[in-house]
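Take a look at these structures.
In the two complexes that follow, chain A is the common piece, with chain B as its partner first and chain C second.
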Partner chain A sequence: MQTSRPVQILKDILATLIVIVFMFPIFWWSLSSIKPYTAIFNKDGPVYFDFQPTLQNYEVTLLGKSRIESNLESGGTSGAGGGSSYDSRETILQSIIVAVGSTILTIVLSTLASYALSRLPMRGKQHFLFWILSQRFMPPIAAVIPIMFMFRDMALLDTLTGLIIAHTLINIPIAVLLLKSFLDDVPKEIDEAAMIDGATRLQTFRRIILPMIKGGVAATAVLCFIVSWTEFLLSLYLTTSIRTLPVKISTFVTSTGTEWGFITALGTSAIVPSFIFILLVQRHLVRGLTLGSLKD
Partner chain B sequence: MTQGTAVIATGRAGVTRMPRWLTSEHPFPWLAPLAAMLAVFGLYPLIYAFVLSFQQRNRIKRVDEFVGLKNWIQLVNDDRVWNALSVTLTYAFVAIVIELALGLLIALLLDQDRKGYGLMRALMTLPLVVPPAVTGMMFLLLEDGSFGWLSQNLYMTGLLSPEHPILATGSTALMGVLLADIWQWTPFMVLIMMAGLRSLPKEPYEAAAIDGANAFQTFRRLTLPMLSRVMAVAVLIRGVDLFRIFDYIYVMTSGGPGTATESLSAYAGRIFMTGNFPYAATLSLMTMIVVIIIANLFVRLFKVRF
Partner chain C sequence: MATVTVRDVVKKYGELKVIHGINLSIAEGSFVVLLGPSGCGKSTLLRMIAGLEPISEGDVLIGDRVVNDVHPKDRNIAMVFQNYALYAHMTVRENMSFALDLRKAPKDEIERKIAWAASILNLEPYLDRYPKQLSGGQRQRVAMGRAIVRNPEVFLFDEPLSNLDAKLRVQMRTEIKELHQRLKTTTIYVTHDQIEAMTMADKIVIMRNGYIEQAGSPLEVYDNPDNLFVAEFIGSPSMNLIEGRVEGGRFVSKGGTAIALPAGCKAGEGQAVVLGIRPEHTHPDPAGALEARVGVVEPTGPETHIYFELDGRDICAVTRERTGVKPGDPIRLRLDADRIHLFDQASGKAIR
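After this line comes the complex of A and B, so read on.
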């Protein structure tokens, strides 16, 4: 279809506007993270660029500077108190351990399983797939109560291992279905050829098939990492002293006031890794988001 | 490789054979680790939750007692459950409709091979990976009653009065939460619709052009029907997530004001915090059963394949 020039220009403008609207919340959020206290809480109207930028919020949350110290340096006096609980270095480390741990565990379990589901004849395969898919449909709140009791008995409650297991449970259905779709793209004749040459199934899988789908495995791993990194409900209810980033951020909302400076600073730090990762897997994003049922 | 599997593959006699179901020819060893994990941490807790839903805590004896269907009957008679169901359904319906429509529109707009469009498409994927709890906070900051950017602008244009902050007013609170959902998940629809548009065959369009169909007719009679499968997948996946909506509500309103934004998951979460675990388990099981039934009907009806 041919589009006339004025219409095309109109379309360009509209597209740009839409993207700007969608980017605005992120922009406003990260802008707030470098605002001093008074600019965030300005009741007379929004403050855009008319403020003295400060890294104080990042110093407190990421470098663990005490809040009072930081306030004195910047000449502020308000709201000094609390302090150490805003230091989020440990939280970041714990978030990384949980996300990496559950990604590795998921990928190991799921690549093996999805190979069998894609290649080997078995009875009840559809039922098994249905079971895995149902796991994806399960509301986390339904899982959290029994898992909490179970973890308490196994001494896994409020531990990194426990949270890794919980996140692996959410990641498994995504990973299995996604990896199966990548495996289904590889013709079965390749396996057969390798086995005629005397390789066992395991050898075929490890030496030939796995290298062929490594791009898919990487994309799956990235998605698993993001799912764990952004997960909220399970981390909220299964941990108390260990905190992942999203939960930690939500604790900055207190009855005495919401610490928007720290929230936005830590929030900005939390979304940067996600952004980098998502840009790396753009090509497989649609397939990943639809559990392998749509390919592009 | 183990001795046994090599033997099976070549079929050489005289060496001890492994049972077939332990070799890599059989699905068992491939599936066992994952199945064990799902059984222990997926299936067992589910059974536990079911057992729990027939029990009640005896505060004096400090044990869980069997009380039959009491929790389930209480559930059906609990007005807050019905309110939560209606909030959840309203929320899910509005979100799906707006996200689908906006998603399709933006996909049509951005699906062009012109300079800058690649960048715009990449930028549009960013909201997807913001942790939902952070998204909730983002919109909490924008919608704050006194210093929120959105609130202040709405006050200035007179569309909203400062006496009725978005999130603290019963009639607007749900819309306020929905805004976060729409921002985060419209890009999901955009991406899927874009993939759908790209996979469409060219021939019908050429035929339509020869027959002199206008742009609107082509869209309605060709594009929409051919996109229906893709839309079904998108609606299914989004619908399941919407039905268990929790994060935005927990962060932005905690279900308030009153119970105006209390979804099924949010209500279950509240019961959970009061320590009435059997009742919370019953409610979340009901949510799960409803989701699985609806999702499976949908999968069969629209023939979605995984």
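After this line comes the complex of A and C, so read on.
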């Protein structure tokens, strides 16, 4: 479509503004993470760039140094608190294990389930699909206590396995529905052609259908990863010694004060793995994957 | 190569019966076209032969084997779909080798088969392209390539040309026919395009509402339609039909026009009938017995279609002469008496 120059310029300005609005919190967050204590709590107003940048917050949260050590090295003044409870290296590892694990588990189960739901005849399929969707109606807080009891009885409390299962349970409904919509776009003649070519159901699924919807699978995986990466409530209730990132960050709000420096540093770091993950899958996130299998 | 036999086959979707006990036998190596209007059950019948649709009643045989419960992959058939159903993530080569790979055919055999198919179908330059990088006609050929590399006993085509433009369709029609003459594989071809049917088929099977109306060679069904439906469906422009009754050995239309009937006509006196005459057997002729007024004149180049009104019905005459008639002109017409068809008005069946 042709747009006139002024309209195009207006559109560009608008787009830039929207991007700024959405980027600002991230910018502010990461900026705060390299501010010294005094700049974060400057009571004269927000500090933008006139401060001495420091990596102290990162050294404490990511390298496990105590605040004293970190301060001595950079020659800064000592703030309140300190100690290794801000060391988040294990947390990050655990969060990655849980997010990656639950994403893989979700994708494996959901692709199979959605293929069956998309292709095989089933009595009352509509009701079953609605039931799957309805799993998302309930606020998780309403179910968290029963889930906790069930997990205790199954000895899954405070285990990585337990958390992976919990996050998989959260993600499966939406993943199944999403993947089914991608599968429904692949015409059934493709399955039939493969079947006539001699493929079994499973071969058809693995060698023909799955590669055709890999864009959809990638998109779904991103979604599942982000849900698990940012999930708070279940992680809080189902674990005590294991700490995922959101739970860990919440512990930085202490009775003696809020450690904004550590919160922003860890929050900024938390963007990185999901960013990498999205980069890895984004080349599959192209539209029109079935392009060319049909006449037009 | 194999024969295909369809025996009393019925297809039901729940309570809905869409195929009503069809019988059909297809000779080894022949090219059979299933022809009929949309929704008549052509695809359903083809898919039952392919094994993609369960058979409600009756038997389908490939060769001497009843295949009702045989999985599609074990029927040794190949199918080309209307939308081609190519594997989008595979190159042309991979699309064609998929079936052979699954069978664990040796590498050099696969290579040889693909080279052979590609040379027949002129696909050599495109073997490493993806389907989305091909034109419609090329995709169509890939779909055919995928079918022929497997060396099946039966080819099934479901309206393979309906998505191509008119010119390409004519070209592909010839290519498919050549392919059949070369491979001599039993072929069942579904279409609703009667020109395709006439030009390609050894045998045309005309279907309507889940019944076979007539089966025969193209010229048989054209020259001797069994009933009004076939008479009207085959031929373009379609057969002229005039309602009336038989009186004193002649046909008298509702408007009172009398037409002499050929000798030995089996129609009973007073019987309500429909007279059919093909446009090419209707001639403008100053000495003709019928009088009419010219409505529309359509020159197509080699021939001219002249529409005129007779007893309130549009009748068409096809002539190769340059008559120069204009709309509104009075015209006299002559019918080839030995080309007149009579149908019983109530049953629609041909009176022979």
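Note that in this section the second predicted complex is superposed on the first by the 247 of 296 C-alpha atoms of A that agree within 3 Å, B and C clash if a C-alpha of one lies under 4 Å from a C-alpha of the other, contacts with A are read in each partner's own complex, and residues count from 1 in each chain.
Please note the rule applied: contacts are C-beta pairs under 8 Å (C-beta built on N, C-alpha and C of every residue); 3 or more make two chains touch, one makes a residue touch a chain.
Here the structure is a predicted model, which is why all the values come from computation and not from measurement.
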- Query: Touching A:211, do we find chain B (first), chain C (second), both, or neither?
  - Reply: second
- Which of the two partners, first being chain B and second being chain C, lies in contact with A:246: first, second, both, or neither? first
- Query: With the two structures laid over each other on chain A, which partner does A:7 touch: chain B (first), chain C (second), both, or neither?
  - Reply: neither
- Just chain B (first), just chain C (second), both, or neither: which does A:203 touch? both
- Item | Contacts of A:42 with chain B and chain C, given as first, second, both or neither | first
- Query: In the superposed arrangement, which partner chain does A:274 touch: chain B (first), chain C (second), both, or neither?
  - Reply: first
- Message: Can you tell me whether chain B or chain C touches more residues on chain A?
- Response: B
- With the two structures laid over each other on chain A, which partner does A:195 touch: chain B (first), chain C (second), both, or neither? both
- Query: Which chain A residues contact chain B in one complex and chain C in the other?
  - Reply: 195, 198-199, 203, 289-296
- Touching chain B in the complex, chain A uses residues 1, 11-12, 14-16, 18-19, 22-23, 25-26, 28-29, 32, 40-43, 45-46, 108-110, 112-113, 115-117, 120-122, 128-129, 131-147, 149-150, 165-166, 168-169, 172, 176-177, 195, 198-203, 205, 226, 229-233, 236-237, 245-247, 249-250, 253, 258, 260, 263-264, 267, 270-271, 274-275, 277-279, 282, 285-286, 289-296
- Task: In the complex, go through chain B and note every residue touching chain A.
- Result: 1, 5-6, 8-10, 23-27, 30-31, 33-35, 37-38, 41-42, 44-46, 48-49, 52, 106, 109-110, 112, 114, 117, 120, 122-135, 137-142, 146-147, 149, 152-153, 156, 183, 186-188, 191-192, 194-196, 198-199, 205, 209, 215, 218, 230, 233-234, 237, 240, 243-244, 246-247, 250-251, 264-265, 268-269, 272, 277, 280-281, 284-285, 287-288, 291-292, 295, 304-306
- Across the complex, what residues on chain C touch chain A? 50-52, 71-73, 77-79, 81-89, 98-99, 102-103, 130-134, 136, 139-140, 146, 150, 163
- Query: Given the complex with chain C, which residues does chain A contribute to the contact?
  - Reply: 187, 189-190, 192-199, 203, 207-208, 211-212, 214, 289-296
